[in-house]
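Per-chain residue numbering starts at 1, and chain names A, B, C and D are given in the order in which the chains are listed.
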Amino acid sequence: MNEFFSLMKSELVLTGIIFLLLFIKIGKGVKNETLLPLIQVLLLANFLFGFFLNKQGRLFGDMYYTTSLIVMQKNILNLGVYLISLVCADWLKKTQHLAEFFLLMLSALLGMFFMISSANLLIFYLSLELATIPVAAMANFDLEKKTSAEGAMKMILSSAFSSGILLFGISLIYGTTGSISLPQLGQLLDNSPLQILAFIFFFAAFAFKLSIVPFHLWTADVYEGSPIAVTSFLSVISKGAVAFIFMTMLFRVFQPMAHIWYQLVVVLAIATMVIGNLFALRQQNIKRFLAFSSIAQVGFILVAVSSNDPMGITSVVYFVLVYIFSNLAAFGVAAVITEKTGKENIDDYKGLYKTNPFLSWILALSLFSLAGIPPTAGFFGKLFLITAGSANANYWFIIVVALNLIVSLYYYLRVIRAVFMDKNDNPVEPVTISAPVRLGLLICGAGIVITGMLSWIYDYIYTLK
Amino acid sequence: MMEPGLYHILTVSIALFFIGVMGFLTRRNLITMLMSLELILNSVNLNFIAFNKYVWPGKMDGLFFTIFIIAIAAAEAAVAIAIIINLYRSNQSIDVTNAEDLKY
Amino acid sequence: MPNAINIALIPLLPFAGFLLSGLFGRKYIRNFAGMLGTALILGSAILALYTAYDYFFVYGKVDGVYQQFVPLKITWLAFTKELSIDMGLVIDPISVMMLVVVTFVSLMVHIYSLGYLKGEERFATYYAYLGLFTFSMLGLVLASNIFQIYIFWELVGVSSFLLIGFYYDKPSAVAASKKAFIVTRFADLGFLIGILILSYFSGTLDFQELIARLTSPESNEAKAAAASTFLGASALTWGAALVFMGGAGKSAMFPLHIWLPDAMEGPTPVSALIHAATMVVAGVYLVARLFPVFALSTPAVLEMIGWVGAVSAIVAAVIACTQTDIKRVLAYSTMSQIGYMMFALGVSKYGGEAGLGYTASMFHLFTHAMFKALLFLGAGAVIHYVHSNEMKDMGGLRKKMPVTHFTFLIACLSIAGVPFLSGFYSKEEILLAAYHSNTAIYYIALVTSGLTAFYMFRLYFNIFWNKPYEAHGGHHGHGEGGLVMMLPLILLAIGAAGAGYIPFGELVSSDGKALESHFDIAFSAAPVLLGLTGIAVAAWMYLKENKKPENMASSLGGIYKAAYHKFYIDELYLFITKKVLFNLVGRTAAWFDRTIVDGLVNLTGNTTVLVAEGIKKFQSGKVQQYAIYFLAGVVLLAAFFVYVWR
Amino acid sequence: MNLLVLIGAPLLTALAVLAARNRQQVRWISLAGSLVQLGLAVALLLAYRHERALQQTAQMLFEQQYPLFKSFNIGFHIGVDGISVAMILLTSFVVVAGVLVSWNVEKMTKEFYFLLLLLGLGAYGFFISLDLFVLFFFLEISVIPKYLLIGIWGSGKKEYSANKLALMLMGGSALILVGMLGLYFYAGNTFDILALSKSTIPGEIQHILFPLLFVGFGVFTALFPLHTWVPDGHSSAPTAGSMFLAGISMKLGGYGCLRIATYLLPEGAKEYATIIIVLSSIAILYGAFATMMQKDLKYINAYSSVSHVGFSLLGIGMLTQTAITGALMQMVSHGVMTALFFAVIGMIYDRTHTRMVADMGGLMKKLPFISTVFFLVGLCSLGLPGLSGFVAEMTVFVGSWENPDTFHRIATIAAAMSIVVTAVYILRAVGRTVMGPVTNPEHLELKDAAWNEKLAAILLLAGILAIGIAPGWLNDLLQPAAEEIMNRIAGK
């Protein structure tokens, strides 16, 4: 019993919080001003608790397992959610249904936890849906906005479609191997054409969740339509969680097909980076811009995925951590500005530095981090991804990857340029930044600056493999 | 009368799958599209059951899977319909072609 | 034994003057700078004379041969263990002789300038430049290492640049200074490559070593150098020829002479010092310094040197006959005289009687420094007086400027080769050397000496006789110039008259052994007669104002015009630089860079943006289309992986 | 001597600048900090010479090593040899001068100085790194400051130039990255330069990796034809920015070409030496000819930088000890010289508000100090003995000439020809601006250099003269290091 608690402690604590919120909601309504700090404290506690009482083991007849690496991944996601609750506080405070929002978000998070820990295709499927459906509902949270509803609609339909494909693939796998248990599957796969077909169906569903080209098309629309809190959740937490399980699947389960999926990953990594970058080049809306940039980032994650070794896993986990800081800082700044002024276009950011130096520096830091420029952590994150990926000595691949760094730098610089250099007669007026947002942005900024320098973080993650 | 074999059922399920896909790709009405999605899921259900019965008769995994798929599909549909309703509120239409503002 | 400190002080004193006047002249010692510089150079001159006395009469001669001493050698930059640039001091007959010439003329110019540049705003700067020049020139003279000579060679060039462009707000002065620098730089390029070749084959940069290794036919270095050929000539020949190219540039030899006439834009005392007496003979000095290499290892180059000198001598003399700017006449005359020195070296052999040309060349260098400096300083006094360089503004000045007139006349007689003045002795020796070695050059030299007499007296008569002097603007209150300007004239006149009596052959020769010089009256008759004829013709044409010169010019027609326009060599250069280098090469390079290279970079960027714009259609906003792409992706990947890449 | 102070000092200065309250404090803190850096650099030089005098024969001195990313076998390994010491000295000179000439920056002073110091920090770190990863980190760290300095405080089409510079340099970094990873995996998972220098990488792999690394670093140091960021970047940057860019940043590339590409991949270097020589000879002449046609002073110096930097690449390509020494000397010399050149151009621009040669004339009359310095630096550029450029170029020539075949000879002669062209464009620029009559009557009202400008100019001039008059110390510093590199190339 004791083991049950310690193995599932992340999920249990989260469930506890969900129930707490439910009770609060059922009971007399609590004002947002009091509820939000409470939630933030709870999330912080949740995050901190993640570092205690860790154990490795299996549960539910090998349907669920956990290792210290998985706990680490969950912690990183917890941190991300906590940061979202901080940096998007302004928007959250105003929303009508704060408790529901967090209910949905935490349910999705719970789904992700199970997904990461799943050792069975059934539980994987269940948790995947649990991690998706609430997010679609969240995407529609700007109830008055048509774009919000449109984005949510696109998301739920597309993801249902991809679920269909995924399930079709799973059914074929089941048909050919007779097992849905992941550890068993690893031994049962024999690369028959039907299995490869099934694998590609399966893979496509992952690609959809990760926004890999050409399965990425929903991403930008949903990101743009959704409230920024949801966009940031989608872009960092969802991506991170799926990336984690994706690697587990490829490295553990589909190891017999490694030669196939290596090619697949290389081709798609290049396509994703190139297309993501090209689309990001010409975006005006900051959310849409970040959406495409996050697509390009996924391309880089795939580079490490192609390595097929523990270095790749470590690098991805590390990158997701860095990415959470960087992207949330960018989204945080965008959230503040959108919330206070309603401006979402990059052109509106012109001359921002004159009026809002703090926001400008945070934005600059985050964008440089996303572009992979030192001294930000993004440099280390990206470099390690590429280092891991170059273990196969596939130089052309690495050169293409490296060249994509240039394109991505170009569009990140576009924003920097707008913020710092361009003149604007009507810049964003100075905005007051509330305490939680400031705290969140500062944490992100600090994370961007020091995560890279503190090399033991990476080494620690590496020891968890 | 011939007992229907695995391939018969698979044929049906694949047909169902593609009918679903076709419906999803061509219908304008969001609800119909949702229904098409259900067809896809049902084809998968058929698959699972068929595999379970004909290929792996000793196992129960396929059956369980099917049950969960049905449950999840219901949940999914619920959320989807809620979203569609909300879309209808602001859009006065459930035609998918009227929800194309987000692009490029 | 030579005293290293004494000798090192000779160049260092003017350098100190340069530093003091350069750093503090503008504010603190503005008016004192001239006296300071003069005092320092006086110290140098005394030390130089002392060194000369010491060398020639006390320790220099061992067993009847003047030895070469290197009292000081400091490694400045070691490229490799063997190859290093050393800063050294060389004491041998020619360097000691040059020390005397440079310090003496420089001293004269320093004194003269006290009066000439009185009241000039940048007086201190002027003296700083003079100090820099004197330092560099002395360093060049004393160089023990071929790279050291190159270093000071360049420094001399830049000080010449600074002094030509001293009146920097005069566009013509700026242009002239640039021209001088760039043309000599071009020649120095050859010098540099020559150094590289010679040093590569000899494995050293030290003069003594280099000469020793390249002249002894048995040495491995000489063999290797002779064996390695390029375009039909041995590497050694190339190296020597290119080194000479540097010398030719500095010494304004045809066809690298075009900068010298323009260089007259500088203050006249500067022209006297740099562009008459010292810097322009650096090329001659360089050839003399490397004479064993030229004479023993590359006789072909030596012959070329002879011809270049001869051609320069006559071309310059012809042009000089037509010029009307008195400083330009003197400039061409300088070029002509250096041509003499050069071909004297060219016709010489190494050692013994056949080495007469070498001695003669050095002799002429010495005497020429005296009378040409005198001519320039005299011309300076005239210009100072009339405020013009043009002959037409002068005439009849003999009454107004008696001292100048007298000294100028001495110099003219000396350069014209009138017996018993210094120019006569040195020129006779040169002609004798040429006569014995190369008859063609001898006749060219003979003609040139006639022309020399003619144009010098054309100048003389035009300045001091011709028409009566009429003042322009009418306010020439001042007289001839004070004592500071007259004293140098007088001292130089003494030198110009008496320098011929120095027993040069005993002191300076190609191999250090004394050389008996013997004069033959019969041999001297022809040049002297030619010279006198030249003077007579000049007197006939220019003594009184008349129409003869114009008539003569028009009857000569094209030849006169060509000579007047300096045979269009400037235009040719201008065509090459302006049209070919600037417009053709430079403009093309600049255009290519901006349009092609940069264009490619921009094109990459623009293409990326264009592609990005082109593919935006895929993101159509239609959720069903997204599903189609999704499905297409699945199908494509499936097809590939199931059938192609399995 | 603990090398960490070389990173610590600029870092602390930069942080102190951030904490400063007003413009006055910012400036003085920066100046004090940069002077401390200068002092440290000089102390390093003395300490280095002292150690060497004690027959300390290790290749690198003052080595320190801390594990950084253990899982990648990345260590924070630092140490210096003569090359690094010379480069650090150069950096410190330029930093002080850069701080001084920016004294009157009014727009966002704090940020300006912060970025400037960060740029210096990157260079210090780069030169002491003995680990490729750390080195790459410090190389890249300068991207942000460069971009912002040009984009915010620049002039002309600054955004375009900043973009171009950042992107082209990023392209270089991308290639370096690939080459670096190749080294890492082929040499047995290490980024340590000393370890890499002892490893044996197969020839065919070197043939792949060398161009990647050389071209990558070459972009930084304006390798033809990847130099086009140079004219735009330099001309748009603020004065101190240009000084840093040309004086330090371009040297990072040259250092990398030598220390990383050539030293670690000798087989590759031999294979591609011909191409390097051809490209650099072209760059030298082509840069010089293109300079002749420029009208803007900054463009003149930018193109002339392309030409001058070509000498260092030529020296590297020649693969002889003397030539490599010369290449290194040229880096140091050009660094100081070009920094001074840009400083003077900045001073002139601050007064006349134009950089067009045609709009100026006779500046000597009212700006004697600035004009004299301008003139001197011009002379240095055209290789006048007694100034640093001569020493470096001659060493390159002598070194190049050690290769006896015709190809190398012709390349050397072609390169040497540039000294004439250089004279042409330098005298043209100097002659038009400093000399001649005063064309613009407004220029008669100008004031000569202020104390800060004088100090900056004198400092850099001192550097030029210290190399030009007594090159021995620099030669002693660089030659053993060059020998070490040659030993590896020669396979000893």
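Following the convention adopted for this analysis, a residue touches a chain if its C-beta (ideal position, glycine included) is under 8 Å from a C-beta of that chain, and two chains touch if they have at least 3 such contacts.
Remember, predicted model here, so these are calculated numbers, not experimental data.
Closest to the middle of the protein, by Cα centroid, lies chain D.
Between subunit C and subunit D the centroid-to-centroid distance comes to 36 Å (mean Cα coordinates, whole Å). Centres computed as Cα averages put subunit A at a distance of 42 Å from subunit D. Put simply, the C-alpha centre of subunit B and that of subunit D have 65 angstrom between them. Between subunit A and subunit B the centroid-to-centroid distance comes to 27 Å (mean Cα coordinates, whole Å). Residue positions of subunit D with contacts to 2 or more other chains are 167. Looking at subunit A, one finds that residues 153-154, 157, 161, 220-221, 410 touch two or more other chains. Multi-chain contact residues of subunit C, defined as those touching 2 or more other chains: 605, 616, 619, 621, 623, 627. Under the touch rule stated earlier, the contacting chain pairs are A-B, A-C, A-D, B-C, C-D.
For subunit A in complex with subunit C, the residues that touch the partner chain are 153-154, 157-158, 161-162, 165, 191, 193, 196-197, 200-201, 203-204, 207-208, 214-215, 217-218, 220-221, 260, 263-264, 275, 278-279, 281-282, 407, 410.
Only residues 21, 24-26, 33, 96-97, 99-104 of subunit B touch subunit C when the two sit together in their complex.
Contacts from subunit A toward subunit D in the complex involve residues 311, 314, 364, 368, 373-375, 379, 383-384, 386-387, 390-391, 393, 395, 398-399, 402-403, 405-406, 409-410, 413, 416-417, 420-422, 455, 458-459, 462. Listed in rising order, the residues of subunit A touching subunit B in the complex are 121-122, 125-126, 129, 133-134, 136-137, 140, 143-147, 149-154, 156-157, 160-161, 163-164, 167-168, 170-172, 174-175, 178-180, 220-221, 224-225. For subunit D in complex with subunit A, the residues that touch the partner chain are 67-72, 74, 133, 136-138, 140-141, 143-144, 147-148, 151-152, 158-159, 162-163, 166-167, 170-171, 173-175, 177-178, 181-182, 184-185, 208, 212.
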